[in-house]
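Below, subunit A partners subunit B and then partners subunit C, in two separate complexes.
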Partner chain A sequence: MTYLADIAALARKDLLLELRSRDTVPAMVLFVVSALVVFNFSLPADSGDLAAYGLLWVAIVFTALLGLTRAFVAEREQRVLDGLVLTPADRSTIWIGKGIAVLAFLLLAEVVALPAFALFFEPVDATLVAAVLLADVGLAAVGTLLAAMAAASRARELLLPLLFLPLVIPIVVGGVGASVDDDPARYLGFLVLYDLIFAILSWASFEYVVTE
Partner chain B sequence: MALAFYWVPDAPEEGFRQRIFYIHVPVALTAYACFGWAAWKGLRLLWTREQHHDLESYTAVHMGVIFGILTLVTGSIWARTSWGVWWSWGERQLVLFLILFLFYSAYFMLRYSTEPGPRRANMSAVYALFGVVLIPVSFLAIRLAEGLIHPVVFDRDVGENLATSQLLTFIVCFAGMLALAASLYTNELTGKRLDARLRELREALE
Partner chain C sequence: MIRARALERRFGEKRVFRGLDLDVAERDFLVVTGPNGSGKSTLLALCAGLLAPTRGELEVRASRERIGYLAHEPLVYRELSAFENLDLYGRLYRIPERRERIGMLLERFGLWDARHERVSALSRGMQQRLALCRALLHEPELLLLDEPYAGLDEAGALLLDGELAALGGSRTCLVATHDPARVAGLATSSLALV
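This part shows the complex of A and B:
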């Protein structure tokens, strides 16, 4: 199946690039840990334990934003995106390949962030990990599409947060709900729904975002 | 439109402040209708690649945002008079609207920071579609996040349902708002088309 082979090739390219240049993932890791430290000071002394979970989700969203801002930089600077669009591959493979890479970076950042969170603030349980995984898929799916849009504009890094944040509010709701509520199943189900809807929509519309 | 305004004094039972309902809800529904129209136009653009849909979609979003501002303002006024606060986070429909408002405001940032052309048209269309999908998803999200103060006039509490005269007033106002939106939309669209034509002519002269 050449569709899968195309995706594998594109994802491999991004992961290899990151492995060799090592710029995005260390930045994301440092950012998320710094953010957690800042949160220690931004939470007033007597706020509930649960407030920390909310801040974790804010940290995750902004770390994702950081990774996404860099996502299409190489493609734009070296005009690779035009080349990719010209290949006979289906354009959605670009989205999936890039999305896999973004997801991988985010997961790597969280491998550090979640233990740090457990150390600094509250314990991390399986539900939280499940919620984070589901949210990551949604963040990567929607974010990759929006990053491609932002890459085509003049404003670039300025535009991506504006486009990204309103769209990911439901993810934050789902994630925080799953972290603090007694009945996390509803929120996890909602995250699955969000992922499905927006992944399908992004997959179908990516072609239009990168072509004329 | 004038009719809509003059009908309002028709049903003052709940007290004067309730009348803003006749303006606020139609404005909100009209804003949603504008966003829906914009998404439909966006879909048509992607489907047919005819560029005129782009301008129509953009104008519809513009209308939607204007009515959105009105919704938020009238909603705040109503909140202030009914509940004593200008804003309440625990309040489902306000929050949903705020999210959508932010989303569509970013639409303008997207348009203004991209070179005009088919690429921008495509991206705007995709974005408008995402907005419409965001409406039910956000609604679900906010419902999960709770909050139940917004007066649900139509479905829940049967006793609270509108009396016939009020329903009539509401329908007239709603129709009036839609008519207003449609006329503003047509007006703006004509204006924009004229601008485009003028630009074309100027370029032809050079």
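This part shows the complex of A and C:
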């Protein structure tokens, strides 16, 4: 119960910070809509729906990256992470709390992005929504761990994309596959597997990221 | 409470200190002095477990929830209010009757009227008072205070004098300061880093 209470306190804090500062979510929404508009004009008319789905996944991954670059700004500026690490709360609760906030921000951006995608490109069906939800979990899990690693580094703006993009290639593969393949179930299953493996790895390794 | 032998800490090529031996007994009040860059803050961060020694041994006989750590930064969120910050820490430290304890500290440190103001709107001195509230919130056994008088006006400094006088003798304190005369009456030992 204490573990869940700690997660709730930390996630609530992140949501409250965003509600106050409104730094991250508006930027993510603007970015993903702008990207879809640019793609709409840059994609040749006869390129078909396969290319459009591919571009949607590119937009989602880069929107997540944008959110992640801001994920630990408040902790870094005031060294609050040191204060949190000294509390008796299990260090993994910091990762889960932050991951929940990142996931919530990504979902909010997609509430706008998916209707925009339907408007410019192709209809959005239940399979695509399921793929996006599963991908979001993986993006938040891996991304939050890497954002914490990058936050401790001087070259954080360079380090995060360099670590994040290669690690989320499987998410793009699974997401695009689920969007365009006749048998999306195996790609959805692949996304579930990715989420499980990387969530467990991130959960177990977060302590070593935030302590020396 | 703290035992260090041949302690060394490097940051890349830069060696902050080496060969440091230190013994701090329970309820000791150790004043750490030294010029800028001599390693006072590093020593306190090592004792808090936030840094690891490069070489040597360091044993701190206090679990992390029993350590109160005051750093250069207040370690609080700028966009949360004083009360919200302490409430978050209070939850994570599982403090019984959290709100009463927070209210008492805010009152004692003269922050009660500013409790709902965001930290970003508080002066440096008020942020330092808040940082002291955060460090004392869970009634730690081991207090690691890095320049606790920084930013405090005379009223705040007198307040802190009283707090340290009340804590001295019942807690183990390590205080890094450029003004050792201020805590000379409380000190049981001192360490001068060079």
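By definition in this document, the second predicted complex is superposed on the first by the 212 of 212 C-alpha atoms of A that agree within 3 Å, B and C clash if a C-alpha of one lies under 4 Å from a C-alpha of the other, contacts with A are read in each partner's own complex, and residues count from 1 in each chain.
We take it that a contact is a pair of C-beta atoms (placed from the backbone, for glycine too) under 8 Å apart; a residue touches a chain by one contact, two chains touch by 3 or more.
Please read all numbers here as calculations on a predicted model, not as lab measurements.
K.L.:
Who does A:I197 touch here: subunit B (first), subunit C (second), both, or neither?
P.N.:
first
K.L.:
Please indicate which partner A:M149 is in contact with in the superposed arrangement: first for subunit B, second for subunit C, both, or neither.
P.N.:
first
K.L.:
Looking at A:L86 after the superposition, I want to know if it touches subunit B, subunit C, both of them or none. Which is it: first, second, both, neither?
P.N.:
In the superposed model, A:L86 contacts subunit C only, not subunit B.
K.L.:
Based on the superposed arrangement, let me know which partner A:L167 touches: subunit B (first), subunit C (second), both, or neither?
P.N.:
first
K.L.:
Which holds for A:S21: it touches subunit B only (first), subunit C only (second), both, or neither?
P.N.:
It touches subunit C, and subunit B stays clear.
K.L.:
By the touch definition at the top of the document, which applies to A:Y208: first (subunit B), second (subunit C), both, or neither?
P.N.:
In the superposition, A:Y208 touches subunit B alone.
K.L.:
Both subunit B and subunit C touch subunit A; at which residues?
P.N.:
211-212
K.L.:
In the complex formed with subunit A, which residues of subunit C make contact?
P.N.:
45, 48-52, 63-65, 67, 69, 71, 73-80, 84, 88-89, 91-94, 118, 134
K.L.:
Considering only the defined contacts, which subunit A positions touch subunit B in the complex?
P.N.:
145, 149, 152-155, 158-159, 162-163, 165-167, 169-170, 173-174, 177, 186-187, 190, 193-194, 197-198, 201, 205, 208-209, 211-212
K.L.:
List the residues on subunit A that touch subunit C in their complex, please.
P.N.:
Residues in contact with subunit C: 2, 5-6, 9-10, 13, 16-17, 20-21, 74, 77-80, 82-89, 211-212.
K.L.:
Mind pulling up the subunit B residues that touch subunit A in the complex?
P.N.:
Subunit B residues touching subunit A: 46, 99-100, 102-103, 105-106, 109-110, 113-115, 117-119, 122-123, 125-127, 129-130, 133-134, 137-138, 140-142, 144-145.
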